[in-house]
Amino acid sequence: MRAALVRRALQMIAFSAIGVLALITVFIVREGAPVLYKTGVGHFLFGGAWRPLEGEFGIWPMIVGSTVVTIGALAIGVPLALACAIVLAELAPPRARALLKPTIELLAGIPSVVYGFMGVVLLVPWIREHLGGPGPSVLAASVILGIMIMPTIIGISIDALQAVPRSYREGSRALGATEWQTIRMVVLPAARSGLVAAVILGMGRALGETMAVIMVAGNSVRVPHAITDPVRTLTANIALEMGYASGDHARALFATAIVLFVIVMALNSLASLARRRPRRRTRRPLWRRALGALSRGAR
Amino acid sequence: MSTTSPSLGRMSPPLVAPRVTQIVAKTLLWAATALTVGVLVFIVAFVLRRGLPYVTGDFLTEAPRDMGRAGGILPMIVGTLYVTAVAVAVATPLGLGTAIYLTEYTRGGFLTRVVRFGAECLAGVPSIIFGLFGFVFFVITLGMGWSVLAGGLTLAFMILPTVIRTAEEAVKSVPPQYREVAYTLGASKWQAIVKVVLPSALPGILTGIILGIGRSLSETAAVIFTAGSSLKMPVSLFDPARTMSVHFYLLAREGISMPKAYATAAVLVLAILVINATAYGLMHRFMKRFS
Amino acid sequence: MIDAPYRGAEVGERTKIEVVDLSVRYGSSVVLRGVNLRIRERSIHAIIGPAGSGKTSLLRTLNLLAIEVDGARVDGAVTLDGKHLLLGEVPLAQLRRRVGMVFASPQPLPRSIYENLVFGPRLAGVRKRVDLDALVESSLRQAQLWDEVKDRLDVSALKLSGGQQQRLCIARALALQPEVLLLDEPCSGLDPISTLKIEEALTELSERITIVLVTNNTKQAARVGDRVAFFLLGEMVEDAPADRLFTAPSDPRTNDYLSGRFG
């Protein structure tokens, strides 16, 4: 009797996460949908003019802004983060690993506003002086976001790399492959799905970051033409105007949030798909495929 | 595969010897690692060096004056603690309950997958969306206004996935035999969970909570729209509050005072380093115990 | 239960546990099939057989762990002092207190020796420090561990050696003053001296409580068992007094097993 009660209660609690997700969806959609409906989804997404006071809501510049900044962040963050993960998971001697891994994990907690602040005091002036433009720009936002997403990508990638069975490496080394050949042709392919998930989650973080981006991106509503042009992202659009918006303007910001929400959910689903599928596929075939690749590489 | 192997060498001599490739690759990888760690460490060192000189006793114990141009950050420290406490108080039972249900009461299955997927999705929701949601739901719809309560509840939702995931890992890593031992000594399922499983999983659970605290502390976008940015000292749960992150953001963005911005950042970074180090240490001890 | 230990004063052939036509299944695999067994009070009933013979499943059925934890399907009847366990005639917590269990590998909980021992009694409602202290001492003495640990009861149980840990687990079960003690290969992986100590403790205990001892060490069964049951592939082949089973087994399969032809 009491056990059944406990079970019930826990079951209800277990649905809290889903419940919160549903609640968020409902409220964001309820607030934002009217404007989407009024403006038309096509016009809202692809309209180039954002004049909230005149009731004109087109977020195309922000969609482009979020996209270029995210791509820039990935271009900077992914190679560095993957290199870091490979070194930490595969190459570093135990003592170096024992020092580096906690360091990176500690740094993962640095508030995003601090990253943004670094951008303001160091990066933006440097860009203004050496590359021209006003300073706050696509480039500045990309660099700051690229640095910010590194700890996320490193952490998940290390897990993915460490999940590759030791026997794969030993098998490859036994065939005469060098350490680097083993990493490139056996370990990385075997961990591919986890690495993809890491990159996608990093992408989600870059896309969702708000305050740091506002500080360094310049925020002008215009499709950027150069990496030194200022840019406004979807998140910045919401945060910048939420303070004073009302009526349809506020609803348009919620509609922006719907767009952002849909993109991020799609990315998350992709990441969890990427992480789930391989488990079935990896085992034998991949091991063989990896060996095949190895022998091809040797020839 | 090495160049000294005659048979393979004859088949097709590689353009560059694998050994050379390896040296180049390793050098690049290490250089990238050094750069990454260097940048991260530099940021922390920079903030601390610029900020710590301004962190005085007065700075920590006084209220700000002149919009933050002078004075200290005591109300922000209190506000941060207050909001974070609410977040942890709400997220911990929810997260722990979910973790217990997932590990002790279901055996995989559809339900588990749904719940886990929900938590994963929630983890990926950008904080600005939490902020918007908290604003319409807590501040407007439930009429809490900008308040410690609204901010804390919003943050609770935001850190819930972190708490769930770490608590689940912790509960899962308790050896199943412990539960059986408890049963054979007359414990009910619930008693086994409370008296044996949870105490053994405690360090792991605490790690999750501490990580959640860290996230609450560093969050800006979700709290600025829910807890507000009042400079006054919050007293009741329904008072508006300005957290340290929000304060720092406003100081820096509006260029109110660079020294004060650096000092606030230094306090914030230091607090988070200490918190994360604690979490990391706990986790380390926990892993050692069961391996 | 704690206050009235060792009920049923008269010694003899009284039945403590009776197993009637017991079958146990996990999903589609049958691990026990049509087992009938009578376990006499205050004796050591040894159960031998090769791996996969269903010995452990039998043991785990006697305190209903099989159903509750493993999710097994159980048919037939098991009675404890005439009460039907499978019909729920004995409340679970009470059953577990009356029928103690020790696992194959020592399973101390990660806390002090003292805390390990008082875990069960506390759940049973014993609160007073003096009572707990008394239970700790008497159960440690019965498990022949008292002299080795009496000065360091607050040390972590994980610091003890394997043999000490296993005796601690026996003491922990005894702290509930059970009527029956189930042991699942308690000496596997222990050195001969620890094994000897445990066997001595069991022999002494059997004067007061009923012991069911699963073992794959036939010599051990011969040394301590009053009766021995031989299991093979989920069936009970033979159940007889120890001396008869070892000297004149009635089933050829028993003979094969004892002479080392399989298992």
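As written, the chains take the letters A, B and C, and residue 1 is the first residue of each chain.
Going forward, a residue touches a chain if its C-beta (ideal position, glycine included) is under 8 Å from a C-beta of that chain, and two chains touch if they have at least 3 such contacts.
Model, not experiment: these values are computed from the prediction.
Common partners of subunit A and subunit C, by the touch rule above, are B.
No other pair of chains has as many C-beta pairs in contact as A-B. Taking the mean of each chain's C-alpha atoms, the chain closest to the overall C-alpha centroid is B. Using the average of C-alpha coordinates as each chain's centre, C ends up farthest from subunit A. Here the spacing of subunit A and subunit C, counted between their Cα centres, is 56 Å. Distance between chain centres (mean CA atoms), subunit B to subunit C: 47 Å. Rounded to whole angstrom, the centroid-to-centroid distance between subunit A and subunit B, based on C-alpha atoms, equals 16 Å.
Within subunit B, residues 188 each touch two or more of the remaining chains.
Within the complex formed with subunit B, the subunit C residues making contact are 63, 65, 68-69, 92-94, 96-97, 100-101, 103, 105, 107, 109-111, 119-120, 123-124, 169, 172-173, 176.
For subunit A in complex with subunit B, the residues that touch the partner chain are 2-3, 6-7, 9-11, 13-18, 20-21, 23-24, 27-28, 31, 79-81, 83-84, 86-88, 91-92, 100, 102-118, 120, 122, 147, 150-151, 154, 175-181, 184, 201, 204, 207-211, 214-215, 235, 238-239, 242, 253-254, 257, 260-261, 264-265, 267-269, 271-272, 298-299.
Put simply, subunit B touches subunit A in their complex at residues 1-2, 5, 8, 11-12, 14, 18-19, 21-22, 25-26, 28-30, 32-33, 35-37, 39-41, 43-44, 46-47, 93-94, 97-98, 100-102, 105, 111, 114-115, 117-133, 135-137, 141, 157, 160-161, 164, 188-190, 211, 214-215, 217-221, 224-225, 245, 248-249, 252-253, 261, 265, 268-269, 272-273, 275-277, 280.
Those residues of subunit B lying in contact with subunit C across their complex are 177-188, 191, 195-196, 199-200, 289.
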